[in-house]
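Here the chain labels run A, B, C and D in written order, and each chain numbers its own residues starting at 1.
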Amino acid sequence: MSAELGTLLVACPDRKGIVATLAQVLYGHGANILDADQHTDPVAALFFQRIRFDLSTLTTDRTSLETGIREVAERFAMDWRIAYGHQVRRVAIFASKQEHCLYDLLIRYRAGELPCEVAMVISNHADGAPIAKHFDVPFHHLPVDANDKPAQEAAAIELVEAARIDLIVLARYMQILSPAFVGRFGSRIINIHHSFLPAFVGANPYRQAYVRGVKLIGATSHYVTNELDEGPIIEQATIRCSHRDSVDDLVRKGRDLEKVVLASAVRWHLEDRILVYAGKTVVFD
Amino acid sequence: MSAELGTLLVACPDRKGIVATLAQVLYGHGANILDADQHTDPVAALFFQRIRFDLSTLTTDRTSLETGIREVAERFAMDWRIAYGHQVRRVAIFASKQEHCLYDLLIRYRAGELPCEVAMVISNHADGAPIAKHFDVPFHHLPVDANDKPAQEAAAIELVEAARIDLIVLARYMQILSPAFVGRFGSRIINIHHSFLPAFVGANPYRQAYVRGVKLIGATSHYVTNELDEGPIIEQATIRCSHRDSVDDLVRKGRDLEKVVLASAVRWHLEDRILVYAGKTVVFD
Amino acid sequence: MSAELGTLLVACPDRKGIVATLAQVLYGHGANILDADQHTDPVAALFFQRIRFDLSTLTTDRTSLETGIREVAERFAMDWRIAYGHQVRRVAIFASKQEHCLYDLLIRYRAGELPCEVAMVISNHADGAPIAKHFDVPFHHLPVDANDKPAQEAAAIELVEAARIDLIVLARYMQILSPAFVGRFGSRIINIHHSFLPAFVGANPYRQAYVRGVKLIGATSHYVTNELDEGPIIEQATIRCSHRDSVDDLVRKGRDLEKVVLASAVRWHLEDRILVYAGKTVVFD
Amino acid sequence: MSAELGTLLVACPDRKGIVATLAQVLYGHGANILDADQHTDPVAALFFQRIRFDLSTLTTDRTSLETGIREVAERFAMDWRIAYGHQVRRVAIFASKQEHCLYDLLIRYRAGELPCEVAMVISNHADGAPIAKHFDVPFHHLPVDANDKPAQEAAAIELVEAARIDLIVLARYMQILSPAFVGRFGSRIINIHHSFLPAFVGANPYRQAYVRGVKLIGATSHYVTNELDEGPIIEQATIRCSHRDSVDDLVRKGRDLEKVVLASAVRWHLEDRILVYAGKTVVFD
């Protein structure tokens, strides 16, 4: 994202005149709208908008612009946030023994697909160390002691906060985070579940799928909440399978889904495309 | 299916020599194997095979061939069945108010996609009558009286048995069949459920999908059992949706899935491609 | 589409202030913006927007609103058009011997999926007559005389113009339209081609696909131009095939694609979601 | 693949008795058939079969078994080949500057998805060296001198032959191989083309797709022949795109397709699932 870009996200009760008012404020400060996407939920009577604008033509400054937006936001009872291209988001990847999602994110990161800085990899297994090293990303090995899980979480929190992490990505991280941890990082933790939620919640979804004899398997990326596998869904995909597929085949096929579905969620989050409300997401594409 | 075709389906405990023995029996009677598809479930240690063969070159006759197969079947403890191309299967379509699956099946039937005779349409609504008439298929209106549902089922059973129906297709039929009815027609009832099972079982799956905020909706065709929405799955498909889709949009998108997923299941059943075991299906394609 | 809805489509050279200016004009007349979707092509430096608005809150009238828009349009060198919900578009379906797309469009029409009036079916074969009759749509049989094709086209033009047709849908219509015909109806003719264009242009695409041994077949809906199969693409889809599929199997599988891909294009056209430029389309979804 | 597995692939004119005869020969030597897949091309009147069998139960030995098969093969004019699980295939990956397919293959290789030994990576760019090193695979940098391309090919041939390579995978290798090179390695070179062939042959397919305004992009893996982009297709996939996608977006989306489509082709080749005839493939899944 160019340093001269701004992105404004708003959510508010639906009312007449919102689009025109916001456009007018931006125009009044000399910000050129590049892109404006919008959604109205007629059932909930809510309005959502994402506006990307060019800052290089600002006739005032960022502070004045934000003051202007704040006034409008109060009038329309808006939740809003603004992001600037020069503020690079900092990401921590949490991994366990399985390495396909970890590799995938780091390869995309290096290819420039993910507008962020991957500041660290944290894992409860040592296996990821050479991978992180290969991509020049700091690695922290935090093994989980069955008797003292809180200690590991405390160490993780310290690392994450010291590094001012904006987003935590659970790349097939096999530990369940405590309510305290989840509460601390709110809508800033993205997980990948290896099924088409809400089918096959919980453990061993590929085995569950095999036993049920489904003809498609899926993967789901979602924000983490304290209801396991119940968080707002960001992206999903499925792939065909058949009676010929063993559980191992399902696992292999599923890996390809997991990588793509997780990477899309992370990219959309970093591009400020996602709004959460009522337990689900609006994803502006 | 040409009148000169035979299809043999077998299922048995996995053992050495099954393929060779069956091939030898068919060859010994002059039946030329056109196609042989096979599956071994290593977990359950079961063997499945579908063999299509040409009868026009038989050097004995059908009775002798079946005797030969029966001997082999006993030796290997096989479940088996044989179908001949000249025996056209008779189908009854059960429908309710929604007409898209009914239309779809009848159009495919007329286009020659479904090797069967659609012998009747039964509906608890009168709306389907002109549709059945347009395709020259007998129509029976069996309205459901809330106080006397068994009477309607009894009437349906009488019609189905009098017409020697081989397969009942529930084309968005909105009544739940009694255990007695299901027991009577065993694995000869195919239903379409408008979700990606096992997600969103029960009523109003599109509304459930909307509330949960999924990014794909699905449809599932399955054999009917007395556990609602739990029968062996035959085919499934999904389609993308987003926050922009209202429940009505999901319903509209879902119709396209339902038609294709139900029609595939019906065609595969009629082509003797499906074996059921352990609550799931082997579908030889 | 509700009678109180308006839809404005604009295309113009990209410039600062367009979004704000248009929003301001609509707001100034009391029109409430329900939906605004926008696209900027950075290569061509062009701006595109689709705005849906509520007319019931207009404080002036349609004429004043259009005068306001016209002034803005001149200032920004815009191409623009406006559609109102009370103006129901009139559609003519052209068909030949194959009936699956014809059936599909008429079923969707009756189900309320297509906001239009299907005013007539024209075919060079008589087979479609009972289908049109079943759906209460006028049918015109215009057989093509090899020696006098222009006469048929002249008759078609007369019918279409007399009925003030807004959109012609070629539902597997197997005659090539003359440049004169195409010129007359501009971007108001939608065709379905049974391949993934630009692969397999011309005749017998399924046979071409079979010979080439592709692993997917496709279908493409597009606006008709005088370069055969070269018109702006509206929608495409593909489905898996394999060595097992005969040409007939490809035809059967392809039908399902053709129906869905053509119906989407027709619906999007009727909902004023499509803008054409540089030989391609912007489809606002 | 277990060391005790054998795979027999045959192709011959279609004739009565082939299936039974082959099954009988294997059974006679004590080889237990685990899996038999078969295809008859009724147009070309050709028969194809893949049989996987268990060698641990052989009552004779491999030489006798092959003698038996050879006799049958002569009688039926069969092309045939046999592969044993203990013979691990040796693979060379050719790469250029783009690294996504190279990474993908090496990650799958390490995860055990590809039954082979990746014996070397050859690249005309040095960038791949640390990647190969990370996965402990020998790397050879063979830069292409515009004035002396034959020298690089000669060096590659020497490396490949010295290492007794069974399969060459072109993982976005951007040099065109000479007819001499292609002739030497016959059907043992697999390439990935970044379009849905036969659409967009030649250079810059994503740019071509952008200009044409297609709504799906694709990728195709195929065996290499001396007709550029005309070799037998092994696998294809497509993904949706829209007017919003720049050429860079298409490139990014395409990478995900390319990885999956190339890896499937390589895996199927290594599992002896592919037969080539008449410029296309039979892929037994």
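Quick note on the criterion: a contact is a pair of C-beta atoms (placed from the backbone, for glycine too) under 8 Å apart; a residue touches a chain by one contact, two chains touch by 3 or more.
For clarity, every value in this text was computed on a predicted model and none was experimentally measured.
S.K.: Same or different interface residues for chain B and chain C, judged by whether over half of the residue numbers are used by both?
M.R.: Same: when the shared numbers are divided by all numbers used, the fraction is over half.
S.K.: When the contacting C-beta pairs are counted for A-B and for A-C, which pair yields the higher total?
M.R.: A-B
S.K.: So which chain is farthest from chain C, going by the mean of the CA atoms in each chain?
M.R.: D
S.K.: Taking the mean of the C-alpha atoms as each chain's centre, how many Å separate chain A from chain C?
M.R.: Result: the chain centres lie 37 Å from each other.
S.K.: Using the average of all C-alpha atoms in each chain as its centre, how far is it in Å between chain A and chain B?
M.R.: 42
S.K.: Can you list every residue of chain C that touches 2 or more other chains, as numbers and ranges?
M.R.: Answer for chain C, listing residues that touch two or more other chains: 244, 285.
S.K.: Which chain A residues qualify as touching chain C in the complex?
M.R.: 16-21, 23-24, 26-27, 32-38, 40, 57
S.K.: Flag every residue of chain C that touches chain D in the complex, lowest number first.
M.R.: Listed in rising order, the residues of chain C that touch chain D are 39, 41-43, 196-200, 212-216, 218, 232-238, 242-244, 246, 278-283, 285.
S.K.: Where on chain A is chain D touching in the complex?
M.R.: That would be residues 99-100, 103, 107, 111, 113, 130, 134, 244, 252, 255-256, 260, 285 of chain A.
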